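Read through the structure below, which is laid out as structure tokens, and then see the notes.
Just so it is clear, A, B, C and D label the chains in written order, and each chain counts residues from 1 on its own.
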Amino acid sequence: MIIIPKKDYDKSQLDNLVHWLEDKGLQVHQSKGENMTVLGLIGDTSKIDIDLIRSLDVVEDVKRIQEPFKNANRKFHPEDTVVDVNGAKIGGGNFQFIAGPCSVESEEQIIGIAKAVKAAGANLLRGGAFKPRTSPYAFQGLRGEGIRLLLEAKKETGLPIVTEIMDISQLPLFEEVDVLQVGARNMQNFELLKELGKLRKPILLKRGMSSTLQELVMSAEYIMAGGNTQVILCERGIRTFETSTRNTLDLCAVSVLKQMSHLPVVIDPSHATGYAKYVRPMSLAAAAAGADGLIIEVHNDPQHALCDGQQSITPEAFASLAENVKAILPYAAKRGEV
Amino acid sequence: MIIIPKKDYDKSQLDNLVHWLEDKGLQVHQSKGENMTVLGLIGDTSKIDIDLIRSLDVVEDVKRIQEPFKNANRKFHPEDTVVDVNGAKIGGGNFQFIAGPCSVESEEQIIGIAKAVKAAGANLLRGGAFKPRTSPYAFQGLRGEGIRLLLEAKKETGLPIVTEIMDISQLPLFEEVDVLQVGARNMQNFELLKELGKLRKPILLKRGMSSTLQELVMSAEYIMAGGNTQVILCERGIRTFETSTRNTLDLCAVSVLKQMSHLPVVIDPSHATGYAKYVRPMSLAAAAAGADGLIIEVHNDPQHALCDGQQSITPEAFASLAENVKAILPYAAKRGEV
Amino acid sequence: MIIIPKKDYDKSQLDNLVHWLEDKGLQVHQSKGENMTVLGLIGDTSKIDIDLIRSLDVVEDVKRIQEPFKNANRKFHPEDTVVDVNGAKIGGGNFQFIAGPCSVESEEQIIGIAKAVKAAGANLLRGGAFKPRTSPYAFQGLRGEGIRLLLEAKKETGLPIVTEIMDISQLPLFEEVDVLQVGARNMQNFELLKELGKLRKPILLKRGMSSTLQELVMSAEYIMAGGNTQVILCERGIRTFETSTRNTLDLCAVSVLKQMSHLPVVIDPSHATGYAKYVRPMSLAAAAAGADGLIIEVHNDPQHALCDGQQSITPEAFASLAENVKAILPYAAKRGEV
Amino acid sequence: MIIIPKKDYDKSQLDNLVHWLEDKGLQVHQSKGENMTVLGLIGDTSKIDIDLIRSLDVVEDVKRIQEPFKNANRKFHPEDTVVDVNGAKIGGGNFQFIAGPCSVESEEQIIGIAKAVKAAGANLLRGGAFKPRTSPYAFQGLRGEGIRLLLEAKKETGLPIVTEIMDISQLPLFEEVDVLQVGARNMQNFELLKELGKLRKPILLKRGMSSTLQELVMSAEYIMAGGNTQVILCERGIRTFETSTRNTLDLCAVSVLKQMSHLPVVIDPSHATGYAKYVRPMSLAAAAAGADGLIIEVHNDPQHALCDGQQSITPEAFASLAENVKAILPYAAKRGEV
């Protein structure tokens, strides 16, 4: 961290600051020029609050050189993290398809789709039991019953399941769930993240609609600070001014995240675009960009079901998409290659 | 709601849709032209999921005429809601100052500031006990102890207190808190909103960093659907590309929200701008724009305290600001005046 | 276009509106329900100003069904437009690499790079002669002399050249230029677009940093309304809150644009990301997403040159990238495939 | 400017950089710690391209301490600039109303409105002759004839006129125009800005829809670098995700701009909000925030005119608004007051 004091700073105030920093275990290197003084901090500055420093009367500007995260940081953990979900590995060169319906609706529905996506190449089953909905009057999911049905589908197909948790109080229901998903709206629900840090099972952490990539990694750091190292990052579109898609898929996030962090990165083209017709091109692009997996909404009857989103594709479309993705993977971008 | 079927729609599919809508208690008025058919839905469409309709194969486009919220809707409740916090009224022509430190730090600190802001004209005391922080390594607040100290300050000064709740599990600690604040990051923590809907005390609901104004009102609707009608809306800046302020304060939100809803609207200039120097101009502007109150960070010693944000102002600055705000209020914008 | 009158509209005002619309050659189909009246407009509404209609006292809301563009519209021109630049075809299944330096600096430099990118697979040479720079003190390009040097490079290598025009007054210098580029900052320089509409040579039109895709197509429509049908659309990143890349590349734009319009779409990964290290992954992703070409900054000595951007890659990196792109193209997304 | 070399930098490359910087007339102060080296540049760095420095292989990061603009910079010109338009002074404590129709339509219309707004307190007349329109099929303004009519209105009322220039080629028509307006879409039309820098008359420069405040000041710097010091900055709303207003008015821009620069700042509430009903509250707020003026769309018959926007207010509404603004001005925010 570099601190630039104001031009006409008060010397005693600056000394106070230097002492305070040294008390935090940092080495402070002062360099004084004729017109400018610069403080360079040596040591672990990840726990220093940059906004706090910036607010001081004596400080003109501060610049972080080190990132404010450690456990998730590629610099301290150069190899890719591989998350292993009952044998389905994600990251470190392992690519997985996570597929399933928006919401779990019935036993017949979820088992039917589970079989279909398994046949088409998926190794994990997704499905919403607890549904975050903008309107209090919209269907809120089958909740506990939805999780029970997902576990039935797992029993039938052997596919591990991925489903969203919305509140700490729901944790007991997730005991047998293989991957707990944190939705975009909860990416900075810090109390929930802390609880998930106490678990020892994979967490799929979605980027908030208006969160920077560094904030996403900071939320992963919350989970990892608790000792749970199995975090999968997920880009699912950000909010911009463009209205022709529901969100704007930020595909460069794959490369940026893989440089910042060693955690695997998956893409959700269904929520990112909001339209079934854009799921295929964005899936192919995600594979080419070097993603470690895709999480895709698949419904067995999107045309007639009234409770399904316009963003779900059929199992047939999913099967064809998966085949093309696999053809592209050998040519995909690899980290560090320019 | 207006539904426009595709040009070459399948008649039996359209009939299915019409029957389904009629089953929901809606009257469907079809108008067929030579080149275009339009369905007009009469009745309460607030519980119809517009995305669901749009996803149907037979549908070209859908347009909502009615808003998807009822309890918070100005149309069904033309008079302003006035929230009364132990005699401090907000809304309906009543303007209040909510002031206090970013975080509660000690008994001495919170009582000192409480006395100072009361003397300067504040009628409610704010202060963070549970602090949402981007970094797991940053100070997370005094938590339960912080609430105890706020209640001490209330005992000393008589000021009702406003403080943030971050998770359902914290609810028992908030029994004596006068106004529960929901932070921007939790605006769409729907499980929390539902619980707050069961209370019968005021909720100060902050707009999410990238939430539309309609989404803010929908979150208020979550609380109100549970029977709790005392919701105060708060604009605190949105995330944009501009970097000279921490967020971009959307002051027109005051007028837009007051047209959509009857709930009071307050402005948080401290978090919106992120700098003490911009708190005064934005407070004056908020008053002129017709806001019902201000929530402002005030610290008794911003220059020397190391745990305070750069966005806090001194009690003296707050007193001067409050005086100017009061001078502007008689000339402020009123709803409906063009 | 659907017009929804206010509930308690003035009948004579509505009649005035209907007459005015009929005078414009439109057929107006009124459907009156008990609670709602809807006007459906049949005919060419592309020249009707929707904001104007919405502003009328009698109107509650308006909804466009038809898009406000014709020449660029896929509906009226179902086959892909193929732009042919001296034999280098773009669109309709033809993929091209446009490569070259940020700025033309010297004869040696531009001829050197032209030869290198040609050898690596580029069929068109790009290079800036007129440079739009945020600062008046930054290098503004070699201007006329830069164009002369580009033409020298063309003579040496046979590569057609693509370079940016910033003002109508520069047109005479562009007589021998093969493709005129309109930069993001000039996407809505309507006077310039009109002049380019009078030419009969290809225009590469870049999306504005905060322009919607429909606005991009509307700007193409400006050019095409003048009779020049050879427009190439270019996505080059939009401005969002994310700061780890210079802009956010909106790759789904490829599919959206190809659905709206028949014009070819190319991607500029260099400006979109701002970093050489992200050019390769985003180029591969663009190819997979179905783009018709790439426009890439290549410099022969990015490490030592002081006048080159951090977003340029070496000819070697470009050659390797081009090879991978070609391997991906057979598996790329095709329009209409779900 | 602070340059932080990479940890394991190549010494000869760093020496090259230092020599190059010294050649530019800068003093380079190196401070070497055990773990970190920092270069501090002393001198005029406003002409150094920060992106260029950042791109070098040897550089880890760069941080500007000085702003990259001089003529517009408050630091080098502490007193407010006052722009005097035929006696109507803007800035330095002088507040002005600029009012008039969206487009000039006829002699009767423009003279009628000019008289009305003058009677209501406006000291300058605005009106569009050249109209930037998204659609090539929309009304493009009366162009030269529109300017002639504005000059007629000036003759009748004595009000100086403000109207938009869209291209260098139109300059001869603007000889008698008092204030040349540069629209948001042309804020970075650098060739136009350079030409306007050669004039010696006031320029009203509107912020681009997605331009940062620093970019706005950099565009003013383009004009001022040519010797024309009479620039009025105008905030007119930025593009965000919010859709209930046309743009999001960034009112804090007033304070930020006045800190960065000595130039006057006016607000355009009509284009910022897009609705007549929000013009009044945002005008009052702008006055309270410390703006130096307002530019407002006024039409004499907004209800019946078919060529007028929904954002125009009547002369009566304008008169009432102006009265309230004047009542607020004595309590408005002043620069430097915390």
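Some observations on this one:
By definition in this document, a contact is a pair of C-beta atoms (placed from the backbone, for glycine too) under 8 Å apart; a residue touches a chain by one contact, two chains touch by 3 or more.
This is a predicted model, so every value here is computed, not measured.
Where touching is counted per the definition, the chains common to chain B and chain C are A, D.
Chain centres computed from CA atoms place B at the largest separation from chain C.
Centres computed as Cα averages put chain C at a distance of 27 Å from chain D. One simple way to say how far apart two chains are is to compare their mean CA positions; for chain A and chain D this gives 39 Å. Chain centres here are Cα means. That of chain A falls 32 Å from that of chain C. Contact with two or more other chains is made by residues 210, 239-241, 243 of chain A.
Residues 2, 4, 29, 31, 33-36, 38, 40, 42, 60-61, 63, 65, 210, 239-241, 243 of chain D are the ones that touch chain A when the two sit in their complex. The touching residues of chain C, counted against chain D in their complex, run 20, 46-47, 49, 51-52, 54-57, 68-69, 132-140, 166-170, 185-186, 188-194, 208-210, 215, 218, 221-222, 225, 239, 302-303, 306-311.
Chain C meets chain A in the complex at residues 210, 212-214, 238, 240-245, 248-252, 254-256, 259-260, 272-273, 276-282, 284-290, 313-314, 317, 324, 327-328, 330-333, 337-338.
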